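In the two assemblies presented below, chain A is common to both, partnered first by chain B and then by chain C.
What follows is the complex of A and B.
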């Protein structure tokens, strides 16, 4: 499966900012997305949209208003949950009496893909995967399977999640986020549990054509486990199966997020990736959230295209002059693991 | 509540309920059509407005034909509220 176009909305105006002093820092412990003006969304529709819907539709329209796609495949752990909570609160507040339709219409899991289908009059395959930290990876896998069955098709694939007040409070109580105020510039120096939360939307146009492609997604693998040995075994067999004889990983794109509870997993994967593999981290730029790995894939595409990256993202340098194979590993809450192997076209 | 005060309150509520973030309540004219031309509201907005009238003023609109007349403008909404309000 080849990636041809990308677009993202994230916490940074420039996700490839070289100067770490210039990057946006968390506000009230949250790395909030920098939203564009959404000129492609009709104003009458835009005013009803919650943030995740705005971001998702706003990131997708620049791609699919120019390029026709045969289906829309998204990953979002929470999608329209904020509107869903608003609607449920109204039910309680008004004793199931008069309820406004706006929040209800925007409250479903498939609302972003649905809105995109309606706005662009796309009646093709339309689905949202909602498996928390594997939602985006499952969307990618779905796109691969669709392309196996319909070789000449093109698909929009993406990942979207927002920081909603309800979700933030629940995750804070669950200990998902750092309790101390820290700068994202020093995220990896913190030896404490939790991450810095972020939000964003990332979209890709994918198909089976190698012509003009930015990158190729060679393979995806995921598992649910808290067993470090099992994760290592799965990675070894994943690399064995998908790398040719003598082929190595040039760059390991790590989803390390400053949470000392998941650090052992990332360190274990680093040790398997190879001694002369560059190790690169990105979550000090994006924050962490269920579909942050979509931004990881966006980064992989940029690195393959530009063959360069900001120095502050490097954890370990490599002697290799160019990147050809990139391994993306993401760990969500210590139990959801994904490996994505991306290569130059 | 005076009619003028009710109209000002209604304008603020319409903007808030319908998320008309680019509209200043003071810029809505009392006789300006709310649907089509004018504010350009649509059918989902009409349901939001019916809910607004019920919640805030205890006004119950059951007949869709009647609703169309009541929701024509701020003037028509205010007149109906003054006659039928229970809150």
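What follows is the complex of A and C.
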């Protein structure tokens, strides 16, 4: 499967900003998305959209408002959650009285893909994967399978999640976020539990044509486990299966997020990646959330295209002059693991 | 593409807590929808009818021997039906935990059945309940993964009321693409104050027992339940009970309105047509359609019109929403079990509470329990967001 176009909305105006002093810092411990003006969304509709819907539709339309795709495949852990609690609050406050259905209709997890189908009049395959930290990876896998069945098709694949106030409260109570205020420049030195929360929307156009592609998604694998050995084993067999004899990983794109509870997993994966593999981190730019790995794939695409990356993203240099094979590893809450292997065309 | 067979089924619904109980209830025209709501306090208790599973949370916890805290009714119903499906298929613990066994489940309610806890946690009014990790829909399959120690691909799908049809489809795709050798697929949803008020705000809940495809239909009744299928490949089914073959599936979008179907029913038409194409069947080969048939003004008329558009004269069809209500994320899986029962026993079940045809379509659903040859059954599921899916099961 080949990636041809990308678009993303994230906490940074420029996700490839070289100067670490110029990157946006968390505000109130949150790396909030810098939203564009959404010129392609009709104003009447835009006004009624919750943030994740706005970001998802807003990131997709630049790619599919003019180019027709054969289907829409999204991953989102919590799309609609904000409207869900808005409706819930209305229900509790008005004691199940006469409620307006607006929030209820927008509260279903499939709301972004549904809106995109509606706005672009796309009657093709339309699905939303919501499996938390593997929602985007399942969307990616789905697209690969759709392309195996329908070789000449193109699909929109993406991942979207927002920091909704209600979800933020729940995750804060659950201890998912750092309790201390921390600069994202110091994120990886923090040695404390929790991450800095982020949000965003990332979209890709994928098909089977190598012609003019930015990157190739070679393989995806996922696992649920809190067993470090099992994760290492799975990675070894993944690499064995998907790398040719003598082929190595040039760049390891790590989902390291400053949470000292998941750091051992990232370190274990680093140890397998190879001695001359560059290690790159991105979550100090994006923050972490269930579908942040979609931004990881966006980064892999840019690195392959530009063959350069901001210095502050590097955890370890490599002697290689160019990179082709990129391994993306993401760990969500210590239990959901994903490996994505991406290469230059 | 390898052939995919169903070797195990499990179900819990308003008409019974096992496949056998559901089968007897369908044959006997049993309606499980009642003016009774004791799961939580609600002003609609006694005023609106619901299709509740006759097992309390305490009974479920005890029967399932679940001691973990923070497990929701949605998860418990899911595990209850899943245990039956796993035992029925006789797949071993080793196979369940093998790296090539996938678990693909759908639900739309997740932990939203816990209105008070969610209200307090989401609005930061407490120090946190036991359910902080249980509100999102993925929590159900994460619980099942932990409980059964599943190592293969795991996914949760939400396409509203067509969710579990897509879970079945995704499991089959994983098997066809070499990502799984077998797949556990299905869905679960529990009744929630949230969904009652949501559907009520759209004025599509009937205060009477629902009457799918009837001229005087007044809306849907909400239900709850869960169902799972065990999908296995041709090479793995020797010596096993094989209930049916999954021969067709398709997903399309109606692209018309967030919460209602287009007049022409493009989405339903395309999903039914796509499933036929994959199954390499002409429309005349379908003997019976398990219709989505929710009992709303919009759905039943549009679904009828789309059936007429595709089939000319549609085959025998019926909705089982009059038995169990609309079980949302579980509906596609529950109705898959009912479709397979029709194939297994060569019979079709009555569309309950039907009186008069909708004048504009002139279609009459199956009115009585009938023994008849059934070789191919189509099952439809349509949802908010224009998400339409159709499955085809075939006799083995």
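Following the convention adopted for this analysis, the second predicted complex is superposed on the first by the 345 of 345 C-alpha atoms of A that agree within 3 Å, B and C clash if a C-alpha of one lies under 4 Å from a C-alpha of the other, contacts with A are read in each partner's own complex, and residues count from 1 in each chain.
Here, a contact is a pair of C-beta atoms (placed from the backbone, for glycine too) under 8 Å apart; a residue touches a chain by one contact, two chains touch by 3 or more.
Quantities reported herein were computed from a predicted structural model and do not represent experimental measurements.
When the two structures are aligned on the shared chain, A:105 is found in touch with chain B and with chain C.
In the superposition on chain A, A:48 contacts chain B only, with no contact to chain C.
With both structures placed on the common chain, the touch criterion links A:74 to neither chain B nor chain C.
Contact comparison for chain A: of chain B and chain C, C touches the greater number of residues. When the two complexes are overlaid on their common chain A, residue A:123 makes contact with chain C while staying clear of chain B. Once the two complexes are overlaid on the shared chain, A:96 sits against chain C while remaining clear of chain B. Touch criterion not met for A:342: it reaches neither chain B nor chain C.
Shared-chain residue A:131: touches chain C; no touch with chain B.
Once both structures are placed on chain A, chain A residues 98-101, 105 are touched by chain B and, in the other complex, by chain C. Contact residues of chain A toward chain C in the complex are 72, 77-78, 81, 84-85, 87-89, 91-92, 95-96, 98-101, 104-111, 113-115, 117-118, 120-132, 134-135, 138, 141-142, 144-145, 148-149, 166-167, 169-174, 222-225, 335. By the touch rule above, chain C contacts chain A in their complex via residues 42-44, 108, 112, 115, 118-119, 121-124, 126-128, 132-133, 135-138, 141-142, 145, 150-151, 153-160, 166, 170, 173-174, 176-177, 179, 193-194, 197-202, 251-259, 266-267, 270, 383-387.
Contacts from chain A toward chain B in the complex involve residues 43-44, 47-48, 94, 97-102, 105. Chain B makes touch with chain A in their complex at residues 17-22, 40, 42, 44, 47-48, 50-51, 54-55.
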